[in-house]
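Chain naming follows the written order as A, B, C and D, and within any one chain the residues start at number 1.
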Amino acid sequence: MATKNIVFLIQCEDRKGILSKTTTWLYGQNFNILNLQQYTDSRQGRLFMRIELDLADLKSTRSALEKAFDKFAKEQELSWQCHWGDYSNRVAIMVSKTSHCLYDLVTRQREGDLVCEIPLIISNHPDLEPIANQFRIPFYHLPISAKTKGEQEAKVQALLKRFDIDLVVMARYMQVLTPSFIEAWSGKIINIHHAFLPAFQGANPYGQAYQRGVKMIGATAHYASDELDQGPIIEQDVVRVNHELDPKGLRDVGKDVERRVLSKAVQAHLESRVIIHENRTIVF
Amino acid sequence: MATKNIVFLIQCEDRKGILSKTTTWLYGQNFNILNLQQYTDSRQGRLFMRIELDLADLKSTRSALEKAFDKFAKEQELSWQCHWGDYSNRVAIMVSKTSHCLYDLVTRQREGDLVCEIPLIISNHPDLEPIANQFRIPFYHLPISAKTKGEQEAKVQALLKRFDIDLVVMARYMQVLTPSFIEAWSGKIINIHHAFLPAFQGANPYGQAYQRGVKMIGATAHYASDELDQGPIIEQDVVRVNHELDPKGLRDVGKDVERRVLSKAVQAHLESRVIIHENRTIVF
Amino acid sequence: MATKNIVFLIQCEDRKGILSKTTTWLYGQNFNILNLQQYTDSRQGRLFMRIELDLADLKSTRSALEKAFDKFAKEQELSWQCHWGDYSNRVAIMVSKTSHCLYDLVTRQREGDLVCEIPLIISNHPDLEPIANQFRIPFYHLPISAKTKGEQEAKVQALLKRFDIDLVVMARYMQVLTPSFIEAWSGKIINIHHAFLPAFQGANPYGQAYQRGVKMIGATAHYASDELDQGPIIEQDVVRVNHELDPKGLRDVGKDVERRVLSKAVQAHLESRVIIHENRTIVF
Amino acid sequence: MATKNIVFLIQCEDRKGILSKTTTWLYGQNFNILNLQQYTDSRQGRLFMRIELDLADLKSTRSALEKAFDKFAKEQELSWQCHWGDYSNRVAIMVSKTSHCLYDLVTRQREGDLVCEIPLIISNHPDLEPIANQFRIPFYHLPISAKTKGEQEAKVQALLKRFDIDLVVMARYMQVLTPSFIEAWSGKIINIHHAFLPAFQGANPYGQAYQRGVKMIGATAHYASDELDQGPIIEQDVVRVNHELDPKGLRDVGKDVERRVLSKAVQAHLESRVIIHENRTIVF
C-alpha cells in the first residue's frame, strides 16, 4: 500500500459510460490509474468505485484538481470523496478501563501499520493514563455520569475540534454517544462490539455467549449510528472456543479477536477503502 | 479414530477420587485405557469424562461388562453411556428440497468418514428421490400440511422404529417437529441451522444477513429441542463474505459451511465424543 | 455470479490511458460494465484486468465482437481472452483410486455450484467406475505402466479431443503427465496436491507432515506445469491438526481441505477469474 | 486458566494400569484432579499425560510432594515435570531490529494474558531500546559479529543465569545460536520462524513466498534445536494473501501471524501444556 497516491471514492446511480467517462477524464488530467475497483449493486442500481492515482502525476494544485473534479462529478451526478495519500489522518482514541485495543492501535501506529497521527486519548476513567504516558500521547480524563453526559460530550467534541480530528476510534469506550454527537461525526466514528453482531447485542456478550453454549465467539467493528450496535459493519471475525471456557475465559480469548477486528477496520478506513451506503459498507 | 474400541461417556457431581476409582475399576477388569479426557465444570461442580478402552481387552460378555459397570456407577452416582466401537449406528436422514447436505452426508458415509448405516431417507417432498436412488437408499415421501402434521409425524416415528434408528439427522428438513416427537428422541436428533446462532434465528437467515450487511455468515448444528433453534450446539463455523453477495449469493456460499458443520457434528456424535448437559454440549 | 455475461481477461504492459481507452471502446459498442477489476504489478510494469459485460447489450454477432476487439487489442498491444457466460465449459475429470474429490466435483456440478458439463471421467484404475455409473457419466479405464505411458496418454488426448474438452481436472490422478501433454494443454489442466506447497512436495506428503510434527496440513490446487508441483498456484487452504493424528489420521482430515481447495480452484477457472502470468496467478 | 494449581507433565512407556496407579497415588495424597488429559501414541507405545491439581489441597511442603512423587515415578518408570501455578516464569526476550513481536509479548504480559516476569530484553542491535525503556525493562545491547559470536553468547548466557531465567523467547532475534548454547537450554528456547515450516526455511521467506506465488503465508513457533528451523513445532498459523502483495506487502501482513503464533506458543509453554518427545510436541 503506497501512501503517495490519490484515492477517489465514488458512488452514483448505475448507467452506461460512467467508467469510460471517469477514466477518460482522469487520463485527460495526465493520471495513470494504479488501481481501480468497481462494484455495481444491481439490486439497487448503484455503482461504487475506488480509483487510486499516482500523486506524482499531479500537474495542478490539489484544490484545482478537486474543483475540476467536482465540476465533472456534478455533471455526471457522482458523490465523491478525495483522499491524499501523503496526508496522515488525525485519530482520537476513546477508551474506558480495558487496555488491549488501545495497546494494539498504538503499537501498530508506531510500527507504521496504521498510518495516522494519534494526538490524544480520551477516557471517562483515569486507569489507562499510564499507557498514554508510555507512548507520550496526551490523555484527557473526562468522567461521565447520567447528569453530566451532555456536558462531558461537549468537552469531548471541543477536544476533537481543537485537535483537528478526522476519525474517532471507540476502543472499548463502553458509553453510548448521544444521537447529536453521532450525527455530527457520521461515518467518522468506529466502534468495536465484543460479539459477532447481530448475535449478543448490548451488555455482557460473553456472559450471553456462555449461556448459549456457542462454539465460536466474535467481534464486530462498525461505524457508530443512532441505534445501538446497528451501524454499518466494516469488519468481523471469530475464534473457536469450547466447553472449558467460562465467561471470563471467553472474555480473555475474545480480546484477541477484538484487537484484530478493530485494527483491520481502522486500517481499511485510513487506507480509504470503505464506502458507506445506507446501512452497509463496501470495503474494497 | 480406531473403531474397535469401547467408549464410556460419564458425568457426575465432582468429588475427590472419581478418576482414581473409575480407572482402578477398569484396570481391575483388565482394560488398557487408550484415551481419557476429563473436564470439570467448577462453576457447576460437575465432572464429565470420556474413556476409550481397547475392545480386545474384553474378557466377559458385553452385557456382563455393562451390568458390572452399572453396579459400580450406581455406587458412585455416575450417569453413563457405553458405546461399542464395532457397532455401526443406524442413521435416518430427513430432507426437504435442498440436496447439498444430503449429498455430503451420503458420500462421506460411502468414503468411510462417517461410520454408520443409512437405512432410509425421509422427505416431505419428492424432489430428492433420484439422489436416494443413486445411492440405493430407500426413500420415503411423507408430505405434510398443517392438518396432517400429527399423522405424518406418527408415520415418521413408525419408520424410525421399524428401521431401528439410533440417530435422526435433519439435513435441511425445514419443518419444526412437535415437542412430543423431540422428547421421544431427546439427544438423538441433530439439526442444521443455516446461520451462526443465536444470530438470525428462524426463517430466511440469508435474507436477514444481507439486510444487516454482515461480513461473515455461518451455520450451526445442534440437538433439536422444544424451543426452535435453541437446542444444545454441537458445532459452528463461518465463512467470510463481502458486499458483492446478495441473498442468493450468500445462500450459495453458505452451502459449504452448512455441509461442513453438519458433517462434523454428526461425526462427533457417531464417535461418541459428545455429552449433553442442560443446554450445552461437551465435545471431547 | 450471473452466467449471462461476457468476460474479458486482459493483460498488457502498463501505460497511461489503457483503462480509459478500453472502457471507452466498450462503451462505444453499447456495453454496460457490470464489474471491472484491475491490478497493476508495478514491479513488473504489467497490467491485469477482468471486465464483465452484460450479454444482453450485445448488438453484433459474437465473432464480430471478437474480431473487432482483436483489432483494438492489436493496436493497444493487449493479450486477451473472451468468455461467453452462457457457454458451459466441458470438463474431463481424471482420477485414480480415491473418490473424495470426484464425489465433490460431481455433486457440486449437479447442484449448480460448478457451472460446466462433465462428459467423461478417465482413470488408470477401474475402482471408481461405480461412482461414474451412479452419476451416469461415461467412464474410461485406461491402465498405465512405465512401458505404455506414451500410448496411454495418446488415448487420453484422443478422448479429450473427441469430447471437445475445455478443462482437465486431475482429481487425485496420481500420475505425472509428460511435458508434451502438459504443453498441449497449458493453462487447461488443474491438479490438486495434497499438501501446502512448497512444503511436502512429491510423494506421501501426509507421512512427511507426520514426521515433521506440523500443527496444520494443507492442500494446493495449481495448473500443471513441466516441473512436478511447481505450476502456478490457484488456491490453497489448511486445517489445524494435533499430535493425536498419525499419517492415516492426517490423510482423513486432509480429504476435506483437498476437496474444498480443488473445487474453489475449478470454480474460479470456470468463472473466468484467473489470469496466468509466468509462474503466478492473478485470481480476481 | 486458574493459576493456583499444580501441573504434572508425565510421559512413559504405555502399559496397563498407569492411569489407575497415578490417579490413585494422587488421591492418596488428598488431591482433587481438576483436569486430566492423556494421550497414547500407539505407534510408539508411549503415554503422555497432563494432570492439573488444586494447590489448595497440598498438605505437605512442596519439596516433600516432589520427593514423594519422584519415588513413585521411579517405581513406575515415569518421566515427569512439576509446575507450581503460583510461580511466575522468568522470561528473557531476545530481539534484533523488528518490534512487532516484542510489543505483542510485552503488552500481553502487562494485560495478564502471559503470566510471567520479563526481567530483561537482549539484543544485538540498539534499535529497540526505547521500547524496553517505555515498559521499564532492562535492555542489554550485545552486538555480535562472526568473530565475537562465542564471546557474545557467553555474555548472553551469563545474563540468563544472573537473572534466573526459565525461558528464552527469540522474538525475531535473527541469529543462529551455537549448538552448545541450544543444548544448555534444551526445551527452553522458543523461536518464531516467519514462514509455514517446512516451507521457506532459512533466509528471506517472504521473498521466497512471493516468487512461488503462494495464496497463504504463515508462521511457525518451535523450540530451538541444533538444526536450523528443524526443532519441535509448538504452534503454526497462516493468513490468506493474494497477487497484489509484493514481498514487502507479504512481510507487513505476516507480522500479524508471527505475533499471534509466537504468543500462543509462549502461552502454552507458560501454562505447562507442552510435552516434547523426540522432534514433536504434544500440546494439551
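We adopt the following convention: a contact is a pair of C-beta atoms (placed from the backbone, for glycine too) under 8 Å apart; a residue touches a chain by one contact, two chains touch by 3 or more.
Computed from a predicted model, the values in this text were never measured in an experiment.
Relative to subunit C, the chain whose mean Cα position lies farthest away is D.
The interface with the greater number of C-beta contacts, when A-C is set against A-B, is A-B.
With each centre defined as the average position of its C-alpha atoms, the distance from subunit A to subunit B rounds to 41 Å.
Centre-to-centre spacing of subunit A and subunit C amounts to 37 Å, using the average Cα coordinate of each chain.
Shared interface positions of subunit C, defined as residues touching 2 or more other chains, are 39. Within the complex, the subunit D residues that touch subunit B are 14-17, 19-20, 23-24, 26-27, 30-40, 42. Across the complex, subunit A is touched by residues 39, 41, 43, 48, 196-200, 212-216, 218, 232-238, 242-244, 246, 279-283 of subunit B.
Across the complex, subunit B meets subunit C through its residues 1, 99-100, 103-104, 107, 110-111, 113, 134-135, 249, 252, 255-256, 260.
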